[in-house]
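Once you've had a glance at the structure underneath, I'll fire off some questions.
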Amino acid sequence: MSDLFDSDFQLIRLLEAILFSSAEPVAESVLQERVGAVPVRPLLAQLENLYRHRGINLVASGGRWAFRTAADLGDRLRTEIEVTAKLSRAAVETLAIIAYHQPVTRAEIEAIRGVATSKGTLDILMEAGWVMPGRRRETPGRPLTWVTTSDFLDHFGLGSLRDLPGVDDLRAAGLLDRSAPMPRIPGLSVEGEG
Amino acid sequence: MAFMEDGAGTGDAAPEEALLLDIDGYEGPIDLLLSLARDQKVDLTRISILQLAEQYLAFVTEARRLRLELAADYLVMAAWLAYLKSRLLLPDPQPDEPSAEVLAAALTFQLQRLEAMQGAAARLLARPRLGRDRFARGAPEDLPIFARSRHDLGLYDLLKAYGAVGSRQARISPFTIPVTELYSIEEAVARLEAMLGRLPDWAQLEALLPAGWRGQGVKARSLLASSFVAALELAKGGHLELRQETAFAPIQVRARREQA
Amino acid sequence: MSDLFDSDFQLIRLLEAILFSSAEPVAESVLQERVGAVPVRPLLAQLENLYRHRGINLVASGGRWAFRTAADLGDRLRTEIEVTAKLSRAAVETLAIIAYHQPVTRAEIEAIRGVATSKGTLDILMEAGWVMPGRRRETPGRPLTWVTTSDFLDHFGLGSLRDLPGVDDLRAAGLLDRSAPMPRIPGLSVEGEG
C-alpha cells in the first residue's frame, strides 16, 4: 500500500509539473502516456481536488487539462496597466541617443539617426517616464533639450549615467562594429576625436 | 625538448602528439599550463614549476614548428617561463628583481585560481537549470500587474540599438583611410641595407628585426613580410645572400661576398 | 479569528494566483503592494511550505519569487521542451568569473583567464540576461565592471550570490582575489611595445 501511495504521489507530482509547464492544455491521452500503466483519470481527480479551493484550479475542457487562476480572483488580478507594447526601433534608438548625448535637442537626435524623428516617438518615451524636457539650449531658436529621468536609471538597473558602457565596452561586448566610432552629432566636434 | 623525448618511442606518444597539435583546444596559455600541470597528477601547490615551464616551452616550440604563427599571448608566457626557468636554475640572486619563489608562487596562484573558476563553472552548469531541469509556467497569463513599466525593454536592447546607430553612421560617413601602422617594404630595405655592412656572417633574418617586434599582431606580421621581401629585393640586386636549411627553417642572410 | 484566518487564506490564494500567472519571478515589493498592509513575507513562507514537496515549488531568488517545477522531475519533463543552446567554454568561464568575482572589470576577467575576451562572449551573456554592466570602478580610467543579474540567479536556481557553489571555500582559500597579476619581469616587454 505504501509503495502504491508513494508511486501515486510521484505521478501526481509529475502531472502537476507537466500541466504547469505546458504552454497549452494537455490532452488526457497524452497525460496517460506519461504516467504509464496507472489509470490517469483518478490521479487527475486527486489533483483537481487538491487545488479545488486554491488560487489556481485544475480544469478540464474538451478532454484537455490545464491550470487556471481561480475565477473569483479575476477582479483582483485585473490589469491596472494596459498591455505592454513593444517599442519601435525608432523609439529605442532615440532613447539610447538621449541617454548617451543628453542634453540633446531633437534636431541633434535626427542628425545622429540620419532620419526625422516623429513627434510621437518622444511622446511615447515621455509617457513611459524615461525622458523629460531639459533646459533650452542658448542658441538661436532656443531649442528644447531632452534628458533621461531617474525612472530610466531604475528601469535599466543603472546606478548613474556614468555607468552606461563606453565605446570600448560596447565594442568589446560585440555591440558596436570594431571600425565604427561612437555615434556622434554630425558637425559638432567631439572631445578626444581628431 | 624533454617533452618530445619523453613521448618518443613509448606507447604514450599518441596522446601527447594529439596534445601538441591541438593548440586550438586551449583557452589561452594559463589554460594550457593548467592542462600540463594536471598531467603531473599532484596538488597544484606541490607542482614542479620547473618541469611545467619545460613542458610549456617544448609545447610552444613544437607548435611554432608546425604552425609557424602562434598567438602573442602564448609567446609572452613562453618568455616569462623561460625567464622563470633561468631564475630557478641559477641560484645567484639578482638584487632588483623578484625572487624565483615569488614568481613561481604567482604562477601557482594563477593556475589555482583558473582551476577554481573552471571548477565553479562546471558546478554552476550542473545545477538544475531553468529551461532544462526546472520549468517556468508554460502558459503565463500575461498580467502586467507585475510590470514596473509599460514597455518590456532591457538594457541589452538599449545598448544594441545604440551600437546599431553607430554602425549605421559609420557606413554613411565619408570614407577615410585609417593611418596605417604597417611596415613598408621601403623602410625594410633601408633598415636591412644599413645593417648589412655590420653583419660578420650568416644571421637569422628574424634576429635583424627591431627588438620587441613580436606580439604586435598584424604589425608584427607586416614587419616580417616586408623584411622578407626586402631581403629578396637586396638579393636580386646582388647585395645579399639568402639561405634556408630546410623548409620552414629560419631564413638566414649575409652580405654578398666578393668571390676570391 | 475566523476573519483573520479567512483573510490570510484569501491573501495566500491571491499570491498563489499572481505568482502562478507569471513566467517571470515577481519582486517581493510588488507582491507586498498587492496584499496591502499585511506583511507579505510570512504569507510567502506559508505558501512556500505548502508547495515544498509538490511537483512545483515556490522559490525565491534575488528578492523575487516564482513557481518552478521541482528539480528532481527534470529528466521526466525534458522531452517536452527543447534544451537550451550550448554555451562556449569561454562564455561559461567568463560567466563563472563574473559570478564569483563581481563586480569585475574586463581586464580582471582577462587576467584570470590569461587570454583576451573574444568579441561576442560578453554580449552572449548579456543577451541571455545573465550579466549586466555594474558601476564603474573608481580607479584610473574608470573601467566598467560587470555583475550578474537576478535572472542569472533564477536560471541557476540560486537564492542569492551566497548560494554560489563553493563560494565560501573559494573565498577562504583566497582564490576570489581579482587583482594579483603576474609580476612583471624587468626587461621583458614583449607586449605593447611601440
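Each chain gets a letter, A, B and C, in the order it is written, and its residues are counted from 1.
Methods note: contacts are C-beta pairs under 8 Å (C-beta built on N, C-alpha and C of every residue); 3 or more make two chains touch, one makes a residue touch a chain.
Everything quoted here is computed from the prediction, not taken from an experiment.
A centroid comparison over C-alpha atoms places A as the chain most distant from chain B. Here the chain at the heart of the shown protein, by mean C-alpha position, is C.
The greatest number of inter-chain C-beta pairs in contact is found between B-C.
Chain C has its Cα centroid 33 Å from the Cα centroid of chain B.
Distance from the chain A centre to the chain B centre is 41 Å, each centre being the mean of its Cα atoms. The mean-CA centres of chain A and chain C are about 17 angstrom from one another, to the nearest whole unit.
Among all residues of chain C, those that touch two or more other chains are 18, 20-21, 67, 69-70, 77, 81, 123, 126, 132-133.
For chain B, the set of residues touching two or more other chains reads 135-137, 141-143, 145, 148, 154-155, 159.
Touching chain A in their complex are the following residues of chain C: 12-18, 20-21, 53-56, 67, 69-70, 73, 76-77, 80-81, 106, 117, 119-123, 126, 132-136, 142, 144, 149.
Across the interface of their complex, chain B is touched by residues 18, 20-24, 26-27, 30, 34, 66-71, 74, 77-78, 81, 83-84, 87, 89-90, 92-93, 95-97, 99-100, 112-116, 123, 126-127, 129, 132-133, 154-158, 164-166, 170, 173, 175, 177, 180-183, 185-186, 188-193 of chain C. On the side of chain A, the complex with chain C involves touching residues 12-18, 20-22, 34, 53-56, 67, 69-70, 73, 76-77, 157-160, 162-166, 169, 171-175, 178.
Residue ranges on chain B touching chain C, taken from their complex, read 27-31, 72-73, 75-77, 79-80, 83, 96-98, 102-103, 106-107, 109-110, 112-114, 116-121, 123-125, 127-137, 140-143, 145-146, 148, 154-156, 159, 211-212, 214-216. The touching residues of chain B, when paired with chain A in their complex, are 135-139, 141-145, 147-155, 157-170, 172.
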